[in-house]
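Presented sequentially are two complexes of subunit A, the first with subunit B as partner and the second with subunit C.
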Partner chain A sequence: MAVYKRTYAAYEGSLTPTWSRFLILPRYSFARLWQSRFLVMFFMACFFYPLGCIGYIYLANNLSVLSSFGIPAPLGNVLKVQPSLFLYFCWVQAAFTYLLTAFIGPSLVSPDLVNGAMPLYFCRPFSRTEYIAGKMSVLVFLLSMVTWVPGLILFTIQASLAGWEWTKANLWIAGSLFIGLMVWILMLSLLALALSAWVKWKIAAGGLLLGVFFAGAGFGTALNSVMRTTYGSLLNLTEVMFTIWSKLFRWPSDTGISVEASWICVGVVCAICLWLLIRRVRAFEVVK
Partner chain B sequence: MDPVIELAGLSVRFGNRDILHNLRVALSGRTIGLLGPNGAGKSTLIQTLLGFVPLSAGSANIFGHDIRQQTSELRALIGYMPENDSFIANLTAVSFVRMMGELAGLPHDAALERAHEVLFYVGLGEARYRLLGTYSLGMKQLAKLAQAIVHGPRLLILDEPTNGLDPPARIRMIRLIKEMKQTGSMHIVLCSHLLRDVEETCEEVLILKQGRIVHYSNLEEERRANKRFVELETVGDEKDFAGALTALGCECVGTGLGRLKMVLPAEFELREIYRLAADRDLQLRRLNYRRDTLEDIFLKAMEA
Partner chain C sequence: MMGRWLSQIGLVIRLEMRKTFFSRRGIWVYLLALAPVLIFLGHSLSEINNRKERQALNAAHPVSTAALRSIERGSTIEEVVEKVGEPFAKNGFRRRDFIVDIYEYTDGENVFGFGFRNNRLENINERDRDTIAKDSLVFAGVFQFFFLRLAIFFGCVGVFTNLFRGEMLDKSLHFYLLTPIRREILTIGKYLAGLIATVVIFCTSTFLQLAALSLHFTGSEISEYLTGPGWGHVASYLGVTAAACLGYGSIFLIAGLLFKNPIIPAATVLVWEGMNNFLPAALKKVSVIFYLQSLSPVVAPPDANMPPLQKLLLTAAEPVAPVWAVLGLLTLTVVVVAIAARKARKLEINYSTD
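On to the complex of A and B.
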């Protein structure tokens, strides 16, 4: 079917394996996303804090460098690598991922829904699960790049500088980093995709993602004051995540909600988002 | 010939409402027209064949594959051009068609090559690097056709392909459908409200009404059967004239006011009509070869 012949001919070549086709969506999404200069700049800005942490870890393990600059030893003794360093790392990077998701998330599903492209995906050997997995992998990959991947790099650098004894005693930090940040990424990705699927206007979907957190926090605080309870904090997803991270990093939490309740809350939010996505991502809309 | 689409008591129900009821037919034509008034169930039938809508009873096979058991294999064989707007506005036509090709299983290099080829084939070659959001309605229709054929499907389902097209674009679309039909590698299901489109392109027609099949017709056979159907308008003694024609083997019916309808026997020559009229000093005001148009067939089916 050469272009110059301008005639139709059937395709008779080989086909790709079915399992690999969900990777097509992230490839096209990334190609589109990286065209935005703002996104590239912001993505790079997300690495400033990890770079600062690398510097801190290096200095904490090489106090002689400070003394060579004339900084007195007592000040140098303040620099210590503790689990709280990684907890703060989670906090700062989570804030960056939150903004990154608000920017990227809405552009993933809504363009397909706005112009009715869903039937074109699903009339092919391509399932809804593959579609959601493909779209979600865009966020999971990008957010991982700025959260637990640099987090584990920090841990590895600290382990290499501090030695085997420190590594053996603090190996749980690596697990906490990975689990804590993956839970955050999954919840954020599902929220972004669900909102993008239900609110077709990209700007509104981005705004709504911000609203879910801020409005939830405000409503939760109001509920706590009026009802004289602490369960209103379950509506504040930031506090819910802080409770989970505090537990994972063995740090005292003052949110007033239990870790079990926080895990259940995250599970419920993810389940609702999945349900919303499954309701929306289909080949045709049922008009009642 | 093995049937392309075989429906065996296919029924679809939404809530308490029967949308398709006990459809039974075997379609084997190269181009199959799907006709019916609004709400007849045409789109639901297409969506059922694509596996979007679950069956409430019966079964359906496409190329011998059960649509419930082998949905994924079947979708690899099908190209679908939906009726409504279906595109991704912020992609260029090449990227869009290439992505659809890749999702159908083409390796990315082959998908890119095919995307260029089909876009040239449908007539969007010069506009293939433009964003789809900037396309006119006619261009979007062509882009939808391009994505439907990029992977070389064995069955192409076209839902109202000439919707919103101006006359030259419609002619072009009909020409493309005819060309694809002639390649012999593809079967086409054409769902359209425009009887003329179906008549120009289809060999078989299935007419639906209120979720039931009210008529199935092989247009090719009907065209052959109706070839010797003649209408006459006369002034004079048409009864005697009709008797003479009947004696020569014609099936002749008078419809009043000097009008006659008749089916001519195979070896009958038209000059006999003029000779008989001249012998009886009968004026022939009009003589038409007439066959049942698809419109006649459709209207009869709607009255049934």
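On to the complex of A and C.
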């Protein structure tokens, strides 16, 4: 065909349904992420603790195995599956997800902004909400795979071993696992995306995520000791989450902050991150 | 030759200064440095306010410190009121088998709380106003656990990793590499620029923190403290701040040269430095914070809210003499900067991979 005849023609192929368009972004993101061997290895390492928990649950429900190894009964009696097991599961897995987010999060939005790719996204039938949902789904999916999904598997294993009575009495643990870890994942994902959108350097965004948690915790502790208050702990996001988890798992919390204040703090952090994201993710950018 | 090298170092420092001090990217370093100043300022202002309040209450309910201290446990409410008059605040509650009354007095400086159970004085709670000795302990805690370990640490991560890695990301390092100066000179110049910037920013912050903390003390209290150990403490804190910038700066300079993503070594160093209190004595010495703590004039008490299990794991090590601590940090810096200079000599950049 002659070049001059190559004029514009509308696309006539099948369209991706509107509801699932945001899934295009994770498809490409995952393809890029799994190329990193470090990420694959770290992702595998995230499952060591859940595997250890499975072993613990098995032993706690099969004390006869212990006695066959010559371990006396009193030690066997110490092994009990309590809500604290799931609380510590949340705690440990949250630490892994934090590192995972620090590794993945910064590379999600900043390259699109640095390379001026936003107009290319938004000149298509693709909204800002879909963009944010798409980018966030990368983190939500990965973090879910190492948090509440194995958590619920642990619960199921315990339920199958302990019987219906235990399951009926402790069904709330499954709900607490899901809600507690989903809140953590949402906050972490929004924080990572907001930092990635505002700090164009991937390295700096990763460092800032590290700083928000560590320097925030340190500043909060300093504020508490100088001003003789406990409100400084609200700057320590890990303590805030631990307070929420403690309440969800009906475990006494000694963080010194109330559950209501913790929920408000999480809400404020998420709202600020969302606002920052919406301000940054635009089809145009004014370059000064 | 030496003169030329020195002038070249001076030129590199001058170029880098503008980037480090006045760039928008560096604003967060200032915020990090000023954050503890705000805390101490807030503390001082609240103490000034509290003292004014106590003095007003004392004027309305005058009572002397000696009279308040002379009250003994077992006295009745009537006896106490007869001796020191009416309190400025009365609280209490009633249960089935006992009544609790709390009477609060102030001598204008301290607050005394007297707790009565069934009309018998059981508890005397004296809340003294802050003294320099008390505040210097609080300052030592904030300085060692927040300022050194987090504020200066992250400040140095930002400034020193930016020296080489930042230029690679900005695709501007080749301008330096194309100039007719030795790479060692470039490395030393950049390191000194980062060091000057961090020392100026963080030493100013340390000084402002001390100034903010002393705001609520009277002139006589401050001059008494300064004629005693005061000036020595101020000099030591400024010296430790500079030493922290020296030590951490060299580590993050080389991290920016060796690692594509310097956050991974930064996180590793952060964890290592953070767990220093729990390490055995021999391993403690393989860290910067150990030498900085050895140089600090006041030993910070451990966190009162630390879980008992963590308290059990705390280990103590004899601090090294200040001379050895300074020598240790200087040696570390010289060795690390020398390795960085050697690495810079063979530095090749390929922006497409960065």
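As a convention for this text, the second predicted complex is superposed on the first by the 274 of 288 C-alpha atoms of A that agree within 3 Å, B and C clash if a C-alpha of one lies under 4 Å from a C-alpha of the other, contacts with A are read in each partner's own complex, and residues count from 1 in each chain.
Methods note: contacts are C-beta pairs under 8 Å (C-beta built on N, C-alpha and C of every residue); 3 or more make two chains touch, one makes a residue touch a chain.
All figures in this text were calculated on a predicted structure; none of them were measured in a lab.
Q: Between subunit B and subunit C, which makes contact with more of the residues in subunit A?
A: The partner with more contacted residues on subunit A is B.
Q: Which partner chains sit in contact with A:G256 here, subunit B, subunit C, both or neither? Use first/second/both/neither.
A: second
Q: Should A:W201 be classified as contacting the first partner (subunit B), the second (subunit C), both, or neither?
A: second
Q: Please work out whether A:S225 is in contact with subunit B alone, subunit C alone, both, or neither, and reply first, second, both or neither.
A: Only subunit C is touched by A:S225; subunit B is not.
Q: Please indicate which partner A:R124 is in contact with in the superposed arrangement: first for subunit B, second for subunit C, both, or neither.
A: Only subunit B is touched by A:R124; subunit C is not.
Q: Quick check on the superposed pair: does A:A215 touch subunit B, subunit C, both, or neither? Answer first, second, both or neither.
A: So A:A215 only meets subunit C here.
Q: Quick check on the superposed pair: does A:G116 touch subunit B, subunit C, both, or neither? Answer first, second, both or neither.
A: first
Q: Touching subunit B and also subunit C: which subunit A residues?
A: In subunit A, no position sits in both the subunit B and subunit C interfaces.
Q: Residue numbers of subunit A touching subunit C in their complex, please.
A: 99, 102, 201-204, 206-208, 210-211, 214-215, 218-219, 221-223, 225-227, 254, 256
Q: Which subunit A residues qualify as touching subunit B in the complex?
A: Those in contact with subunit B are residues 1-3, 6-16, 18, 21, 24, 28, 31-32, 111-112, 114-117, 119-127, 282-284, 286.
Q: Can you list the subunit B residues touching subunit A in their complex?
A: Checking each residue of subunit B against subunit A gives 14, 47, 50, 52-53, 72-73, 75-76, 78-80, 82, 84-91, 95, 99-100, 102-107, 110, 114, 116-118, 120-121, 125, 133, 147, 149-152, 154, 176, 179-180, 183, 185-186.
Q: Spell out the residues on subunit C that touch subunit A in their complex, using ranges where they run on.
A: 25, 28, 32, 35-36, 39-40, 42-43, 46, 138, 141-142, 145-146, 149-151, 154, 157-158, 161, 165-166, 169, 261-263, 266-267, 270, 303, 305
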